[in-house]
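Presented sequentially are two complexes of chain A, the first with chain B as partner and the second with chain C.
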Partner chain A sequence: MKAGTNRMGKYILNRLLWMIFVLVGTAIVIFTIMYFIPKDIAKVLLGSSATQAELASLRERLGLNDPYIVQLLRYLKNVFTKFDLGKSYIYNVPVMQELLSRIPRTFFIGCSVILFDSLLGIPLGLMAGLNQNKWQDALCMVLALIFVSVPNFWLALQLVDIFAVKLHWLPAFGIGGIKYYIMPVFAAFVSGVATNARQMRSSLLDVTRADYITSARAKGVSERNVVLKHMLPNALIPVVTGLGVGLGKSIAGSVIIETVFTIPGVGMYLLTGINNADYPVVQGSIIILSFFSALVMLLLDIVYAQVDPRIKAQYSGRMHGVTK
Partner chain B sequence: MKKKCLSLLLVGAMVLSLFAACGKKETPAAETTTDEETETETTEESTPAEATGVIGKAVSIASADPVSLTPLRATGNGKDVLNSIYEYLIDKDGFGGEAYGVIAKEWHWDGDDFIVEIYDYVHDQAGNHITADDVVFSYVTPQELGYANNKLYTYCSGVEALDEYTVVFHFLPERTDYFNGWLDMMTAQGIFSQAAWEASTDEMAQHPVGTGRYTCTEFVDGAYCVLQRYDDYWQTDETKIGRQYQANVDQITLKFITDPQQIVNALKTGEIDYNYAIAKEALPEFEASPDWSVAQCYDYKLFCAMPNCLEGLPFNDINLRAAFFYALNVDDIIAALGGEDFAKKVYTYGVSQAQSYNPAVETEDNYYTKTDLDLAKEYLEKSNYNGETIKIWYETGSYKEQLEAVALIAGVAFESLGIKYEILTKDSDIDSIWKQTNSDWDLVFFNMGGNGHVLDYTRGIFDTLEKEGCAGNENDPKLDELFQSTYCESGKSQENVDTFLQYITDQYYIYGLFQRITYDVYLADMISDTSVKTFRNWIIPGSFEYLR
Partner chain C sequence: MKEKKHNHKKHNHENHIHEEQIQVRKKSMTMITLKRLSESKTAMIGLGIIILIFLVSLIGPFFCKYGVNEMIMADRCLPPSAKHWFGTDTYGRDIFVRLLYGGRYSLILGISGSLFGLAIGVVLGLINGYIGGAFDNIFMRILDIWSAIPGTLLAVLISTVLGPGFFNTMVALSIGSVPLIIRLLRGRILSVGHEEFLEAATTINASPFRIMFKHMLPNVISPVIVNTTMSVGGVILEAAALSYIGLGIQPPNPEWGAMLSDAKNYATYYPWMLLFPGCAIALVVLCINLLGDGLRDAIDPKLKK
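Right, the complex of A and B next:
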């Protein structure tokens, strides 16, 4: 048991170390991309009326005249030793400060989306898989097809038109109480429900044909127990992976929903940074988003290691002859 | 079993940790439409109305997000918010009038020194008395902290306090007579007290303390800002308060809405009462409703065409320039932009609402807005054009759609003359092409912003002090002489302005094409039709005339 725990601890440590590499790699890539965009930040900041002297002075002050490697190392040092993502070129506000105030909103939407994706997508897929080729299967798959085909920005606008403009039930935009998040979350989770339902159905059908299910039935295990104890845990493995990826996507891809509903989250901040050529904002937002994506993946891998019997066996030592 | 429990625990922990990050409860945005709605909004935390006491007149307006309310960044997004909180020493009447003192009581030149005497009873919203030292502090602090927009040392060698209420700006000799130089300097920085600054922990980003008519009672970056009328405003003499510094409404809620369709929805749902430049498609609905007023506004941006007159390039030949401008059909451009309701043809290099704009220029005879293909062909015959491909550039910034239409119609003009051309795009932020002598282009379409005077549009194009050189006056000493004698404080007479603009017209150096027409929508029974905005269309809700 202790050996298994140690192995799991090493696995987590190993993943944490990789996470650092991922973050440093992300920082280098995003910095390099922004560095090589042929845009003169000084001109963006000072406008078309700036003199050459003003432009030169600002470039010097921002350190833009330094060689690429000097700028990169300075940036990495600030980010990873001081947790300083720099200041917005346009607003002169620390990027970290802005992101900290916006992350909760983006996460709230992301987590809510995953919650509803799971609560609706998994039962739908289960119903479809257990009733293959019956009307329930057809209904679920038609629903999934509709959900996956509806673009979220279009759905968002339709929801606003119906529930805010015509019925006056919900606010059309902005932030405030929970009712401000109902339409954004709904618009964001619909396609995920479809994806999860289809994934769940597909995995369940794969598992249904597995030898151990046939074996369980042959041993006289009740159908309920076959489904709940043998089919579901195994069928859920790819779905859980999908949910983790979905969380990462819904957080990183929050730009559209946040823009449509004017929610000041990370996505909207990133978009504003891109539009304004505000490089520290873009770089900082990407690093933070990648950090949370990596964190979600780490947690997911830990869960995965517990759920997947093959990985569980590997870290409990059984595959290497280490007894419990 | 234990492992399963552990896995479930981990899943739970993951979800909980993520939700834990969402712990901060948001304060609902201000609702000012009905009492019932306000009551509904007070369920979670205090609303802006609750926080500030009983509200009389209140208005809600869509606005750009300033992100920070620090006085160090007095330009850019959110000017309408910042201008309600902070004041300048001297301001230009934003409605086409002259400069007037705000915090400054008097001012005069003494050689290269610009001396400003401030009122001796100015105080900020925290009660701090404003002195000359505070003015110096306001100007110098942004420089020390590396803020980009304050151009103190572009214009001056320094600023110092002469006595408790007198400040002297030591102008650089070449900037003393520079066109609008002193006024640029005066409007470059909102004034704040050193005491309030030092008491702030966040450079006043969230809790600003200015000297203006409104205090900020609530600011949620990216969402909204609530401004409350400051009743203890320092200036008690109403005759000395400018039009853009009025406080005709008790509370202003500015909502930062980014999506154009959501702005329309916000009007329809009563979330906002006024919006500038509504989407074209939404106009008919508002025009048809008696509840809404729709006001037409002329945009201050001028859309232009400029040929590259450098030696060795095709448009160095005045006849070829004339041929192109007579072949170009501006009416087609206007039609492509939605017709005369959405774009206005201009007749000089300037917009019609600018200072020193001479309405007498609005004839087809003295400007080349009338298409004359025969005349164009005559000019082409006289030119030295020998089959070169004309390289057209247009900017792909905020007005890409408009400029692309212009470039395509310019292509039609070239085709009608049998001239080869190619259309290229250029990111306006990457390379401001007219600022440098550049032989990579022959004709460029772009837009220029102004600040109230018709000569503002010449800045950065003919201005050799600001630029190393430019295509127009590179080879024309007369143009340079005319510009130098006009673009200065002592030479900006109407006669000089007219002569200069007519000269660049006659030489086909630059071509003003059109200005945009936009539409404001606001509640008909709330805001008066006579309510106006500044030249640059900055919304100043405190200055609106309110009907209820």
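Right, the complex of A and C next:
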């Protein structure tokens, strides 16, 4: 048992080290893509009336004259040793400071979305899968198809029109109490529910045909226990992966939802940065959002290792019935 | 002598039959898929509506009374009527005509975006599968980084750098789908990698290019095709979302997302400006998803439950 814990620790340590590599790689990729922006940043900032000398001094001050590799290394050093993502060109505020106040809002929306995705999507998929080819199945799948086809920003706009403008039940935009988050979260989770339900249904149907289900029934396990103890744990594994992808998506999708509801989160910040050609803001926001989704993946990998007996066997050394 | 000739003839005949058989079988693989697809009612409905929308969006504008960017100031913000089927927008442009034009953008962007990603993924995946070994190890690590950046963010980032425009938007939309395609291909290549036909191709000195595209590709492509078909709807949604936030296709081009973005501030007073473009997007994506589901079941009947 102790050996197992050690191996688990080793597994997590391995994943963490790998994570650092991925984060550095992500930062390099994002910096490099941003480096190729064809605009002259100094000209964008100073306008067309600036003199050559002004432009040159601004470029010098921003370090734009250095070669690519020097700029990259400086950026990486700042990001990973000082947690410094640079300063906004327009507002002259450190990007990190601004992001720190915004991250909780984006993350709150992302997590609530995932929560509702799983709370609604998994039961829907279960209902469809257990009643295959009956009306419940048809109903769930039709609903899922419609949910997955509706653009979330359009749904959001319609919600605002109905619940904020016509009925005055909910605030249309901005932040405040929990009331302000109801519509954004709803608009964002609808398509995820559909994806989850479809995934749950198909993986449940995969499991239904497995030999171990037949053998469980043959040895007289009650139908309720067949579903809860034999089918569900196995069928849930791909759904858990899907949830991680969903969280990544909803964090990335915050750009759109936050724009519709004017929520001052990371996504909104990113979009303002794009519109103002405020590139440190763009770069910093994208790096932070990517880091988040990478960390979620890491967390998921570790949860996965706990849930999936096959991976568990690899690190706990209990393969082929050998207990170390 | 005579006998030999006869033999030769017989041999030839057998050869002929053999070729015919092969041809029949080759043909039937695609035919079986298409036949299975045609048996699925929902897929056919989806396909029918998509073709209809596409044709109407190509031909329709020629029969319309109004130009796509024709502004009639006297007709601003009119509700749907016999004259303007879907009403007019704040500049007095006919929404129905704009939706027709916009259909081209959405459908072509969705399909070409998916195909572009597919092409990049297939080329990279095959090269990686062909070389394998240490290269594969390094390449997979690079893919880990590539897929660590969420697709939507990558699309936002790339369209910021490249700027707006049809081709740039297509590139931005497709890049995010590449890692998954390569992974799917890799899985399949690993499982067919040691099969005899590949060894045979290597022994007869087929060029790497020939091995990759003639021998490997047909054996590994089906899960990727399924994946790509299923992703077209998502790409259309993403294209609309990009245009909505001001990247991607720009106004006054009648892209559906851009139309929604134009209309969002007037939704309260003129709901039709928002309703119709949104319904158009949802309808197209729904039909494409129906077709995609049908094609998945047809290509891989094991998945059909």
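Criterion: the second predicted complex is superposed on the first by the 320 of 324 C-alpha atoms of A that agree within 3 Å, B and C clash if a C-alpha of one lies under 4 Å from a C-alpha of the other, contacts with A are read in each partner's own complex, and residues count from 1 in each chain.
Basically, a residue touches a chain if its C-beta (ideal position, glycine included) is under 8 Å from a C-beta of that chain, and two chains touch if they have at least 3 such contacts.
What you see is a predicted model; the values in this text were computed from it and never measured.
When both complexes are overlaid on chain A, the residue A:V165 reaches chain B and chain C alike.
Looking at the shared chain after the overlay, A:S101 reaches chain B, while chain C stays out of its contact range. In the superposed model, A:L157 lies in contact with both chain B and chain C. By the touch criterion defined above, A:V148 lies against chain C but remains apart from chain B after alignment on the C-alpha atoms of chain A. For chain A, the partner touching the most residues, choosing from chain B and chain C, is B. Once chain A of one complex is fitted onto chain A of the other, the partner contacts of A:V303 are limited to chain B, with no touch recorded for chain C. Contacts of A:L205 after superposition: chain C is touched, whereas chain B is not reached. Contacts of A:L270 after superposition on the shared chain: chain C is touched, whereas chain B is not. With both structures placed on the common chain, the touch criterion links A:I286 to chain C but leaves chain B unconnected.
In the superposition on chain A, contact of A:L139 is made with neither chain B nor chain C.
On chain A, the surface touched by chain B in one complex and the surface touched by chain C in the other have residues 38, 157, 160-161, 165, 259-260 in common. Of all residues in chain B, those touching chain A in their complex are 3-4, 6-7, 10-11, 14-15, 18-19, 21-24, 26-29, 41, 43-44, 65-68, 70, 72-73, 76-77, 145-149, 151, 154, 203, 205, 220-224, 255-259, 261-262, 265-266, 268-269, 271, 427, 429-432, 435, 448-449, 459-460, 465-468. Touching chain B in their complex are the following residues of chain A: 38-40, 43-46, 48-49, 51-54, 58, 61, 88-93, 98, 101-105, 107-108, 110-111, 115, 157, 160-161, 164-165, 168, 171-177, 180, 247, 259-265, 268-269, 272, 277, 296, 299-300, 302-303, 306-307, 312, 316.
Of all the residues in chain A, the ones that touch chain C in their complex are 18, 21-23, 25-26, 29-30, 33-34, 36-38, 132, 145-146, 148-154, 157-158, 160-161, 165, 201-202, 205-206, 248-249, 251-253, 255-256, 259-260, 270-271, 274-275, 282, 286, 289-290, 293-294, 297. Of all the residues in chain C, the ones that touch chain A in their complex are 141-142, 144-146, 148-153, 156-158, 160-161, 163, 233, 237, 240-241, 244-247, 257, 260, 264, 267-268, 271, 274, 277-278, 281-283, 285-286, 289-290, 293, 303, 305.
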